[in-house]
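Once you've had a glance at the structure underneath, I'll fire off some questions.
Chain naming follows the written order as A, B, C and D, and within any one chain the residues start at number 1.
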Amino acid sequence: MWGEAMEGFFNISLVVEALPQLLTRLHITLFLVVAATILGIVAGIIIALLRIYRIPGFNQISLLYISFMRGTPIIVQMFIVYYGLPAILSSVGININRWDKMIFLILTYGLNMAAFLAEIIRAAIVSVPIGQTEAAYAVGMTRLQTFWRIIAPQAVLMGLPSIGINIVGLLQDSSIAFLLGIVDVMGKARAIGANTYHSLEAYVGAAVIFLVITLLLEKVCATIERRLTMKIIGD
Amino acid sequence: MIKITDIHKAFGKNEVLKGIDVEVAKGEVIVIIGPSGSGKTTLLRCINFLEKADSGKMTLGSTQVAFKHATSKEILAIRRQTAMVFQSYNLFNNKTALENVMEGLVTARKVPLRQAAEIGKNMLDKVGLADKHNAYPSRLSGGQQQRVGIARALALNPEVILFDEPTSALDPTLVSEVLAVMKKIAQEGITMIVVTHEMSFAYDIANRILFMDGGVIVEQGTPKDLFVNAKEERTKQFLKRIVPEWSYNI
Amino acid sequence: MKENILIRKVVALVSVMIFTTLIMAGCGSTTKDSTSGASESKKIIIGTGNGFKPYCYLDDSGNLVGYELEVLKEVNRRLPQYKFEFETLDFKNILLSLGASKVDIGAHQFEKNPDRAQKYLFADESYTTFILRITVAKNRTDINSIEDLHGKSVLVGEGGNDAFVLEQYNKEHGNPIKLVYTSGSDPVTMIKALEDCRADAFISIKRIVDGYNQTYGDKVKIVGQPISTSSTYYIYRKEDTQLKTDIDKVLKEMKADGTLAQISIKVLGGDYTTND
Amino acid sequence: MNFDVYFMLSALQESLKYTWVTLLLAIVPFFFGILFGTVIAIIRFYRVKVLGELLQLFVVIIKGTPGMVMLLIVYFALIQGFDTISQTFHLAVKSKDINLIYIAFAALTLTATAAISETMRGALTAVATGQYEASYSVGLTKRQTLRRIILPQALPVAIPVLCSNLIGLIKGSSLVFMISVTDLMNAALIPANTNYKYLEAYIAAALVYWVLNVVVENIFFWLEQHLSTYKREVLV
């Protein structure tokens, strides 16, 4: 009875047929996620450092920024970056309006991720005991050396699980990038749906791909975490 | 009153307890000494079923259990006749000193609230914390926390209290306040099994001292038997290493 | 002082990384589908969709195809002073992109209405007709006209012509029809809703409904007279009157010499340039 | 680009009318998510055989599936399942009688359950093992230990993450539009359909979301302070 009723709407063999087509667009999804992650981590570190070093006035700005990024749907942020940013920049004579869409998407997802990561990174850096800094100074390290050689490696270990969760979240969020016309995995699923009217099968195919990437991401994060733990704390 | 026969426990391939027999009479104070890794703490934890021993039997009062096959009902029965004081205190972080002491009474033993509070206050007074009833553990010093831990054990009025290195996490300056409390309750005739590195204290309060090494009881006897007239070479070696610490105090 | 050096170094590092990312992004982009033209010609970006068969959609190999593309390619052939490039966007974002000068023409079967004309410049010359009809489940016999929809619930696509027509009708008749907004891009949920009697009808055009029935097995049908006959137009920014005039002129020619009808027959399977 | 402030205000008004739908769509799944998520977390934390592994699989699958796909799958599965059952038992009630919002609840609850179960598992891990040992040593049962000692300590740890979970739900609930439920985002967008002023509509919706989420954050901050009295004392 179930099969009968679903007939015409869902055909599992179409999911299998959709998979190879969807996989041809996997590199776009992955590129977006990787590029946005790099941008997000770097910008997150900067915001975190500026807050830790209490750059005057920056605290308020960054709090507002983080609050907005956390508090509004990413789709709105996408529109603001894609449409608003060029409008603002064009008023000072810079025309970025016709840049590639991918750049705006990377900016959107990267800046969004930075807001989430800034607090995680800040907490991770602050959680390294003060004694570590003192010990580093005591053996004659400079401030920069202390940060990169002593504090950062320990902070990474603290922050890594949260960063992993955020990357998985970013992957999920990337499923609306097609709204700007990017044909990534989800965009391809929609295109297949529009072409064949079998959208459900195409979406399920996309979900399978997302699921596999999520699993791989989690595995990679767990491995890195284990390796780092062994390297820093010892077995 | 407590009788443990042939207890074995291994962690993987590492055999920590290699067949130990212990018998404790009511009111007796037993102190277990020995080098670290000798299995002292494991023995205590097995008695309270915080670790599950691989084989052996135990009789506690009227309860008789085989370690390996104890049912959860039997485990609960044993736990309700024993109490434990931990090295790292393990006070309930979300409860005040008084609530910590009352928790076992109210929840486990179903003692009415008012009566439990009465007992709890008495016990805290007894360990010298009359003014700290409503303080949370994070507000207390290590010594104070450990005294709450002792009050919590006492309140349950158990057949036996197990002390697992109760002073080794404490600052040296705070050790004496805890030892004083323990000495006081030892004199009240409460059955105690104590694992400790405080030799002079052991000498003071123990009715009997067990020396453990490599998972077995090497030697046991009164403090004098052991500290002055040790028979076994391993005992002598162990005591020699720590002699400077205690010989002055005797 | 040291703090400043640290920050400066970090900022420098980041700038390099962002720059690299941007360059990589530039290389990675493959979404533009350009038509060749003379090198001195003016570049015009067409904003269209990629999920509306048979007007603008992606074929199996991911190329943009459909009626919108074919017509504009022909237009471009006749207007060598321009060089058309196609940019695909979600339906709603085409208009946003037009307003933000990201694209120069909107081509996604847009219908004219006064509200829209306030903000954008509509062409005078249409290039397709859009005849909307009521679509119901195969076994329904009680609905045959728009009056029969009073008190019924009708699925409408957000931003679509169907929604607009019914909203107007409701405005004039005191809201007799219950409109249920859907994403519109997923016919599966819409047809399922009709089948389960969750909704009573939706509004569509005949050739699309035929496509649904081919795909899902005969589940829905068109009933009654058309509820609206309208045409679709290109949309421009207010100031681009020259572009609009040029294209209008070409469209008129294409209609006169039968090219537009030919394209329609080839792509849509019938001449839908003047009637449905 | 000319920005129509008046239209934005009218879109704001529309979205305010539907804010309660968004709140409902977030709070109901959040509530059930905490309920089921905590149970799953406890089962996985104690490594219950078979069931624990099955639940792990469940959590992974849900976490890895984009919300939109989840919603569509639940929509079809629920409607179909419901009609199949009602036909089998010759019930008069049909799936069309169920309000679509319940289907949205079901789909969002699945998402919330998976996310919150991870939150709670993390929080349970954060409670030191000594707390269990102490509880057992005073004779508490496993269940008593969990309820009276472990959960009260895990909850304050979980609160900031739960807050993020709830905010995620509030923002993510706009997907229900896929199955024709109107929430605050789509209420703002509907008037834009006629005049194509989508940017104004999106910004109006964003403002409502922002205010809503700032309020949620403050409530949770207060809750965290309140629930962890025993921790705060050390700071005073």
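Here is the rule we go by: a residue touches a chain if its C-beta (ideal position, glycine included) is under 8 Å from a C-beta of that chain, and two chains touch if they have at least 3 such contacts.
Remember, predicted model here, so these are calculated numbers, not experimental data.
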Co-neighbours of chain D and chain A - touch as defined: C
Contact-connected components, chain D excluded, all else fixed in place: A, C | B
Highest-count interface - the chain pair sharing the most C-beta contacts: A-C
Farthest chain (mean CA position) relative to chain A: B
Euclidean distance of C-alpha centroids - chain A vs chain C, Å: 31
Averaged-CA centre spacing for the pair chain D and chain B, given as whole angstrom: 46
Inter-centroid spacing, chain C versus chain B (mean Cα positions, whole Å): 79
Cα-centroid distance, chain C relative to chain D, in whole angstrom: 35
Interface hub residues of chain D, defined as touching at least two other chains: 1, 72, 76, 83, 199
Chain A residues counted as touching two or more neighbouring chains: 9, 79, 83, 87, 200
Touching pairs among all chains present in the structure: A-C, A-D, B-D, C-D
Touching residues on chain A, where the partner in the complex is chain C: 7-9, 21, 24-25, 28, 31, 35, 38-39, 42-43, 45-46, 49-50, 53, 55, 79, 82-83, 86-87, 97-98, 100-103, 106, 110, 142-144, 147, 178-183, 187-188, 190-191, 193-200
Footprint of chain A on chain D - complex, ascending: 1, 60-61, 63-70, 72-73, 76, 80-81, 83-84, 87-88, 164, 167, 171, 174, 185, 199, 202-203, 205-206, 209-210, 212-214, 217
Residue ranges of chain D in contact with chain B within the complex: 128, 130-131, 133-141, 144, 148-149, 152-153, 229-231, 233-234
Residue numbers on chain C that touch chain A, as the complex places them: 2-3, 5-7, 9-11, 13-14, 17-18, 21-22, 24-26, 28-29, 31, 45, 50-53, 57-60, 62, 87-90, 92-93, 96-97, 99-102, 185-188, 191-192, 211-212, 215-217, 219
Touch list for chain C against partner chain D, complex: 92-93, 95-96, 99-101, 113, 115-116, 118-120, 155, 158-160, 163-164, 167, 180-183, 186, 188-189, 192-193, 196-198
